[in-house]
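In C-alpha cells below, several structures.
Each of the next two complexes has chain A plus one other chain: chain B in the first, chain C in the second.
Here is the complex of A and B:
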C-alpha cells in the first residue's frame, strides 16, 4: 500500500517556485507606476505597518495611513495608492470591506427586531432588514407584525443566503437586500471560504460551470457551489411562451416562483453522486487557487477544472504539489491565450 | 460552527454514500496533508511542529530533568495549552487526560532510567496555536515526532550507585546525546468519524458537524491498543445527528486502523529521518 494514499507529511518550505516568475500580476500592475522618487521607499511600492511613506506634508492622508509630524506612515501592509493628492495604502490582506452593489454570500448569525444580522466576513455583521426580503408568494405589501413574528420561518441562525449590498451606513455596517430572484436562501451544495482579497470583482458573480455545477462567488470570499437548477432555465422559456400567448396569470415571475419554496431547507432529492463529486472537484480547485494566492475568476475555475480532469483521483488534489501544478497550468494557459 | 439545514443534509447525504464523498474528495482513510518540522527548539531535548493547510498548528517541546525515581509518581508529565480555551476547561483537560494516560501506560520507562536511584523525567509541553477540527490526533502526531527526535545527554558516571552515594554526571558534548531508542515508536491517537456505516479518518470541521459519532483509537507497536473511546466531535454546535454506536463499527475501526496506521507511522518516521539529514533552517 502506498503511504501517500493515507497521509502526506512534508517539510515546510519557504519559497514556492512559481512566485518568482509570476508574482501575482493583479497586484504588480497597481504598484509599479508610483515609484517616481517622491517616496522614501522608491524601490518598491509595498509598505509594511509603521513604514515611512513620505515626508512631504502636501499629501492628504487616506485609508491605511497615519500622520505624525507631517510625515505619513503606513498602518497596514499593502500597496501604496495615489489618487491626485490622496495617499492611501490598500491592504494586501484583511477583512472584507463591503461596497454598495457587491454580490455576497452570508450566514445569518442573529434574528433581531425587524432585521437579521448576517456574517459576511466584514468587520461588523451586516444587517438584512425585514423590508428588504421577498415575501413568500411574492406578495408586494408592507411587512406587518405577523411577518415580524414569523421571521425565523424565513431565515434562521446558520442559514446561508446570497444577497446584494444595498447601502453602507455611516458606522460602516452594510445593509443587504435579497429583492431579486437570483438572491435568497442557498441549497443543494457546499460552502467554502477564501480570503476576500482573492476575489476579483466582475460583472457576474453567479455562473454555471461545466459538469452541471453552478457557483456563487461572493465578493466577500464566501463561495457557494451547488447543483445547477435546470428547472429554472426551463421555466424561463415556458414563461416567455405564456407571455407571448397573452395568457400569463402572473404579472411577474416573482409571484409564480417565490412561494414558500424560496425559504425551504430541503435539498433536491435527485443530487447524483456524479454531481456531488463534481462539486468536490471544484471545491478543491478553488482551494488550490486560494492556496497559491491566485485571483479567483470564472475562467480560472473552468481552466482549473479542465486541467484537474487528468487527475483520476480528485482526493490527490489536496496535496501541495498537485495544487501548485494545477495553478501553474492555469498560469501557463492564461499566458498562451494572452 | 453552525451549518444551515440544507448544508447539513447535503453533507450528511454525501458522507453516508458508499464510498463517502467527502468535501475535499478525500478517501475515507485519507488524512489531510501535513507539514512538519522537528528539532528546531535549541533549548529543548526534542521538539516538533505540525501544521495543516487550513492553518491548524501545534507545537511540542520535550524537556528532561533528573529526578530520584522514588520521589515521583510517573516519569512523564504532559501539559497542553489550547489557544482560546481556559486551562481548566473540559476541552483542554480531556485532551490532556487522554494524552497523559496514553503515554504513561505505554511509555517504556526503562529508556528513562539512569541509575538504580535516578531517572529522567520528561516534560512534554504542547501548544495548539490554532485548530479547527478536534486537535487530539494532531497533538498526538506531533508528540510522536517530538519523542522520536528527543535526545538525552549521555551519562558518564557509574550506572550502579546502590552502594556509593553518587550524583549522575553527563557528557558535556551534545553530540554524544542519545535518542531514546532507535526502535521506539511512541503511541498515537487517531480520530475517526462515524456516519452511517462509514468510518472517516481525520474528519474536518465541516464533517464533524454532521457525524453520528466519533471514535478515538490508540495505536502502538503496529497494533490498535486500548483505550478506544467515543466522543462527540462537534463542539459548540447543534449536532442533531449524534447517535449511539454500532459495535460492529468498533471492530471495523480496529481493522481499518490496523491496516492504515502503519502507513502513518512510516510517513512520520520518514520525516524524522529526512530532518536528521538535511540541515536547512526552514522552520516556517
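Here is the complex of A and C:
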C-alpha cells in the first residue's frame, strides 16, 4: 500500500460555466486567453503564507515576512515589495494602518482619564488627548480640572469627529489632534464606510461638492457627507479678503469660533429635502465606486455625481446595473480627459 | 436492506470512493467583503462551513486584552438544519466547548499573535451542513478566512480526518463512516510534518498509527495545494483589478 498516494476530485474547469450554447472552439479560446492572462501575470504574481521568497540572507526582513535559518518566507497573501534591501509583503486586504499626518474620521468609543478613545478602523483604537483638542474659549486657554470633569460635554461616546494623526506610539496606537478649525465634531450629515485601501491619499481630504454638499474623505475609509456650511464659507472669503497676504483663516477665526457651538449636538434647522437627497446621492455614488473597487477621489465623485443626474430616483442608484454604468462612465470620462 | 459494508472486498467504500480518495473539496475566499475583514466558505463533500474573521481589533472588554499577543476567540455555531434530524444545538454543549478550545489553541500556535498585541481576533464559524469531518472543514475554513483578513501566519493549517477499518486507513470519512469506525483528525502546518492539531475521540491500535498518519499528512499537503490555488486565483484577480485602476 503506497502511503503517499492521495486521490482527489475537483470540479471540471469553469470554462463551461455560463455560455453553454457557444460551440466548443469558442470555449477553448476562452480557456486559452485565460491561461495567457495567468502567464503574463506570473512575474507580478502574489505570494501566499509559507511561501519561500528568497534564500539570500542579504535581504532585511520587513512586514509580512518571517525567516528560519536565513530563508525568508511570506506570512501573508500579497505582493512582494523590495525597497533597497528591505523585503516586505503587502497584504491584499487588511485593516487601516495609521500614519502621521493622515486626515481621518473616527468615532468616540470611550471617555477616559484626560483622553478619548477613538475607533478609526485600525487594529487598535486611537487616543485623543484632552490637550490636543480646541476647547471653547480660544487658543491660549489652559486646560483645567473642570475641563477634565466635563469631557463628556465636549465629546461623548458615539460622537463622530474628523482629526489628524499626530504621532504613532511605539505600541502602534495612534494619537490624534483636532487643533485646527477644519477638524472637530461632525454634524449635519451622514456617515459611510468603505475599505481604506480604496482611499487615495491626496493633498486635500475635505472638499465641497456641487449641490451644496461637503465631504470629508477619511484616509481610514470612513467618510462624512454633510451640508456645506455657508456661514463658514462667507467668513472664509471675507477673511481672505482682509488678509490677502494669504494668512490661514483657520488661526484668525479661532478665537471667535471656538465657542461651545463647535461641540453642539444640534443639527442645523434648515436642512432641506433637496440637500438630504443630494447627500444620499453622493452616498450611493461612493458606494458604487467601492462596489467596482475604483479608487475614491474628489474628481471621480464629482464625475459620478454628474453622470448620476440622469437618474431621477436616488434610490435606483444602488442597483447593480446603475452602479456599473456609473463607474464605466467615470472610467470613460477619465480616458477622454487623459 | 442488509447492513452496508464500510469497505467492500473490491476496495470501495459506502459512497464509491477508494480508501485513499478525498471527497470533493471546494473553497471560496472573500465571500463577505463588506461585513467582515476576512471570510471564506468551504465544502468538503457534504460538509459546508462559512467562516468570518473580524480583526485584529480593539477587544470589547479589558480582560480580553493581552499586552504581549493577540487573543483569538472562536465562536462555533452549528445550524439546527445541518443534520437529517432538525435539532437545536446549544453553544454550551460539551462537545462544542471542546471543539472551540481546540481550535483556539491550534490557531494561537500558527498565527503570529505577537505581532498584534492588545487586540482581539474574532472568528465566527457557522456550520451549514455536516456530513463527517466537521473539525477538519472548520479548521480549513478558518485558515482561509485568516489569510483573507491579511493576518500574518506561519503557513496554512490544513486538516483532514482519517479512520481505521480493520487494517485499512480510510481517508476523509463521511458521516456514515464516522459513526461506525474510529476517527483521527489531524491538522498540519504547511508542507511540513508538524502537527498543529490532533484529535482522537476513540481508540486506534498503536501499530496502525504510523500508516494512518502517513496517508493523512499526504492528504493535508494535497488540501494545502487546493487552498493555495484558491487564494492565488483570488489574489491575482484582485491584483489585476488594482493594476487597471
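The definition used in the following text is that the second predicted complex is superposed on the first by the 279 of 338 C-alpha atoms of A that agree within 3 Å, B and C clash if a C-alpha of one lies under 4 Å from a C-alpha of the other, contacts with A are read in each partner's own complex, and residues count from 1 in each chain.
Everything that follows uses one rule, which is that contacts are C-beta pairs under 8 Å (C-beta built on N, C-alpha and C of every residue); 3 or more make two chains touch, one makes a residue touch a chain.
Being a predicted model, the structure only gives us computed values, none of them experimental.
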Touched partner set for A:144, first chain B, second chain C, both or neither: neither
Chain B versus chain C as contact partner of A:64, first or second or both or neither: second
Partner chain(s) touched by A:84 [first = chain B, second = chain C, both, neither]: neither
Partner chain in contact with A:93 - chain B first, chain C second, else both or neither: second
Partner chain in contact with A:266 - chain B first, chain C second, else both or neither: first
Touching partner for A:119 - first (chain B), second (chain C), both, neither: second
Which of chain B and chain C A:8 touches, first, second, both or neither: both
Overlap of chain C and chain B interfaces on chain A (superposed complexes): 1, 3, 5-11
Contact set on chain A toward chain B in their complex: 1-3, 5-14, 107, 157-160, 185-192, 265-267, 271, 273, 276-277, 280-281, 283-284, 287, 291, 313-315, 317-320
Contact set on chain B toward chain A in their complex: 2-7, 9-11, 13-14, 17, 21-27, 29-37, 51, 53, 201, 238, 259-260, 263-264, 266-268, 270-271, 274-275, 278, 280, 282-284
Residue numbers on chain A that touch chain C, as the complex places them: 1, 3-11, 37-38, 41, 44-46, 48-50, 64, 66, 73, 75-79, 91-95, 109, 117, 119, 123-125, 171-172, 195, 293-295
Residues on chain C engaged by chain A in the complex (per definition of touch): 18, 20-26, 30, 33, 37-38, 55-58, 112, 116-119, 147-156, 168, 171, 189-191, 211, 214-215, 218-219, 222, 226, 228, 231-232, 235-236, 238-243, 245
